[in-house]
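Each of the two complexes below includes subunit A, the first together with subunit B, the second together with subunit C.
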Partner chain A sequence: MRNRIFIITLLSFIYLYPSVAQDNHQQVHQDTTTLQSSNTQDDHTQTGESHDAHADHADHDHAAFDPGATAIHHISDANVYSILDFVRIPLPTILYANDKGWDIFSSGKFHAGHHEDGHYSYNGYVLHHGSVHRVADAGFPMEGSVEVEGYAHKQEEKNGKKVDVNYALYQGKEYRLDARSTMDGGILGGGFTSFIDFSPTKNVISMILVSLFLFLMFRKAANAYKNNPTKAPSGIQGFLEPVFLFIRDDVAIPFIGKKHTIYLPFLLSVFFFILGLNLWGQVPFLGSVNVTGSLSVTMVLAILVFIIVNVNGNSHYWGHIFWMPDVPIPIKILLACVEVMGLFIKPLTLMLRLAGNISAGHIAILSFIGLIFIFGKSGESLGGSLVGTAVSIPLTMFMMAIEIIVAFVQAFVFTILTASFIGAATEDHHHAEEGHH
Partner chain B sequence: MTGTFAAIGAGLAVIGAGLGIGMVGGKAMEAIARQPEASGDIRSGMIIMAAFIEGAALIAILLSILMA
Partner chain C sequence: MFNLVTFTPFQPTPGLAIWSLVIFLLFWFLMSKFAFKPIAQALAKREGDIQDAMDAAKKAREEMVNMKSENEKLLAQAREERAKILQDAKEIKNQIITEAREKAKEEASKIATNAMHDIENQKKAAITEVKNEIGNMALSIAEKVIRKELKGNTEQETFVNTLVKDLHLN
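Here is the complex of A and B:
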């Protein structure tokens, strides 16, 4: 009982932290700036003037709390791994621009502060909201490091659509920034821009960590089976064995049949990779990465499924797509169009389903946490923050509980659909009446 | 203004998906109640059908994100 009270107190403290931190925001901000400048070997001197400039910028951010933009910022990938607002682990930054060549440096050069905004530029690149942007306007120093006073957002009309454009403030002037470099076609901002970002970002680091963890875990279990084949499973085997058997007996065998042994390693890898990353993204305060909610990651998974399904597809499968048997010829032509579309829609929905579900969960949690700032008028009213916190804690906890179920269900759905696509592509029997979805 | 219409579109897509998944889930529960020994097959069929419905809704939501 006492333990439980202690845990609840601890959790409420952790949840209350943001509302208090908002009140002391300038203080914290200034501290981190000082900390960073003392930690670095660069000889940038922090002047009082620059502190004021940062504080002004921070206040400007306060005034306009936008829950949507905040949520998008927090689920986006970043070039720096932030744990709460205290620890910012610099990551390697590898950038390539057509007209400039390679730039390889540590993202610590940006001196990221609050909101993952870099206080310094490096070789014409700046860090804004955790992502590397390239300065597009001439006149900005393209070599070495200069201090950036802040960042500004503007809405501009482009091809009849309103787009958000970011500007960096340097010596009182605004310099236009290119969008982030992402491969998702710019659905959540970014897109193909004047530079390509090859950096191992927060998401990549999380993927490597989770894969390493899975590798070690499975190695341990495999060694235990090898060394003591007659012993009852113990420890980590106790968790892995039922899951493995479930994937094999309820997913692989019913859908794929006797050829399942070839595809089982892929199905299991996909399942545990997605599950591990879903759960890692659910751990609060450890970066809250959104790897499986990132379209680039799910796109690669979906492309792998697409390749495996279509490379292994047999003549029945292709026959059903291009020349559906036992139907009149006009219908055959119509069905061929539909089936060819279906060929691409199947991996597309796989990609969207996973990314959409995981991102939606993260956005819901962030919106509930955003209630604290909406009620508290972005830190102006402490009473409002407390009411907001009281509303937000149960909602957030409920959402997190749902998200743990979603983490398992989505990993399972991805695996079972992959198995059913593979099964449909490789089955031997000829069912005249069976169409493919 | 387009943002508002996109939000309405996303909401409509969710209504459709909700009705569809609700029907799939309800019928599956009925089927499991009638025949508990087939619950494993029914459950995986239910999840696949729900996933297909969700896929259609997600394409609608993606379109509304792109159009917003």
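Here is the complex of A and C:
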């Protein structure tokens, strides 16, 4: 009963919200057009090495479709939760800047519109492509809310590398924006900037929702097991039990052996967390969130795996890493180097495999949908759009089917590799002698 | 046309990392405590129960097989015993019959000998009686002859003849 009420509330919210957002959207649309034109004007007046990405096509098409940028925009984390182009649920925004301190407010203050671009700034922060940026150039009002006319995107040379830089347009002038801090050290075009974004973003909200859903589902099953221990499994138990037993009997026990009871909850948590989020990201019209395709999330999981494996590693495991028995000394040294690298490469592959697979799946689906716009020349050719749709629908459906398999396979692969790492670190001595390579 | 923009999903952001760490740790803790452990225990218990039930069934089956063979053994034993008893009874019967027959024969021969003896005795007694009678008769005849002798010879003679004639009757 409670579930039904929840679903009805959710559905009514989804249906009612667009009508509320519609007024906002129309206003937004006007803004966008003025914004676009101002963009083009700026591009034409712009001289020198920096030029807008749109500028090349701006002469004949002011909104040329860029499938790569669109796909990445759609799989990126955001400070608003957008469902289609109508529903934009504001999320809490928690920002910290060294020179300024904490700023906590709702992302509704940005009045996000098309492309999740904010139409207002707040305390010197703006929302561009869904994520919060901080205005770096002086002259921009750093307190309260002002209307932002638009955003510009440029590629600049920095230390011999091309870097994407965004600008906000305010009162006809461009103000350089700082993106939020990232921990990639500049390898992936990010780095530490003037502020850090601690907001519970779209990905965080998805994680909370999926975790809660899984928890309630498992709690229900656990109660059923507790209250009717002699009854045959029914309902939700019927789905969860085979998966639970699969992880226990085919993942935990073969790899870890007798000690599997200690690690089983972790393996199950990892499996269901990843599976739930993979599937949540595959639901159409629910924001197509890319949680398990975000490196931040898989990095955390991989770090936890690294800690669990190495904290529980026994002397036998460490012996095999630093001083491999039964081989000549030069090879011992060589193997120690390789094994120490392997210590870090193992969780690194876990992290990259999951994020890469899920992101790639999302990009593939978005690219197939993008065919509609490519064939339709961004809405200029109706016939082209129809052909694009006819091609796109079967391809997208095929890709989605594959993605559902990938959702299960990647969750399984992450879990089984975790189990094998734990098993290798904790296995008994005599056991290892037999299977030793 | 394809503009390689910064690949934002692969930029690890501290905010998302901290949130995912907190959420996952909470998820791990809550799921372990309230979901996975009770479910694992319930499943282990159920598996134990199933194993016990199967063991019990196997034991019962084995017991039944044992009981069956025991029953058969008992039955065979009983059958054997019956046969033995029947044979014994037959033997006893035959024995009784032969014994009875022998006894009867013995008795009969005994009776026959007794009868023979009796007959012999009777015969002896009769002979003795006859002898005595004859003696007595002879005496009486002799007495009468003696008494008649005194009257005439002829007469004596006839008289003796008649006496003799009388004797023949015996």
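Note that in this section the second predicted complex is superposed on the first by the 358 of 437 C-alpha atoms of A that agree within 3 Å, B and C clash if a C-alpha of one lies under 4 Å from a C-alpha of the other, contacts with A are read in each partner's own complex, and residues count from 1 in each chain.
Convention: a residue touches a chain if its C-beta (ideal position, glycine included) is under 8 Å from a C-beta of that chain, and two chains touch if they have at least 3 such contacts.
Small disclaimer: the values here were computed from a predicted structure and weren't measured.
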Query raised in the report: Of the two partner chains, subunit B (first) and subunit C (second), which one does A:S76 touch, if any: first, second, both, or neither?
Result: second
Requested in this report: Kindly classify A:I416 by the partners it touches after superposition: subunit B alone (first), subunit C alone (second), both, or neither?
Outcome: first
Requested in this report: Using the superposition on chain A described above, determine whether A:K154 touches subunit B (first), subunit C (second), both, or neither.
Outcome: neither
**Report entry** Superposed model, subunit A: greater residue contact from subunit B or subunit C
**Finding:** C
Requested in this report: Quick one: classify A:K173 as touching subunit B (first), subunit C (second), both or neither.
Outcome: neither
Query raised in the report: If you stack the two complexes on chain A, which partner ends up touching A:R353: first (subunit B), second (subunit C), both, or neither?
Result: first
Report task. Over in the complex, which subunit A residues touch subunit B? Could you list them? Result -> 187, 250-251, 254, 345, 348-349, 352-353, 356, 409, 412-413, 416-417, 420, 437
Query - Interface residues, subunit A side, partner subunit C - complex - result: 53, 57, 64, 66-69, 72, 75-77, 94, 131, 153, 164, 179-184, 188-190, 196-201, 203-204, 207-208, 211, 214-215, 218-219, 221-222, 225-226, 229-230, 240-241, 244-245, 248, 261, 264-266, 268-269, 272-273, 290, 293-297, 299-301, 304, 355, 359
Requested in this report: Would you pull the subunit B residues touching subunit A in the complex into a rising list?
Outcome: 40-41, 44, 47-48, 51-52, 54-56, 58-59, 61-62, 65-66
Query raised in the report: Can you name the residues of subunit C that touch subunit A in the complex?
Result: 1-21, 23-24, 26-28, 30-32, 34-40, 42-43, 45-46, 49
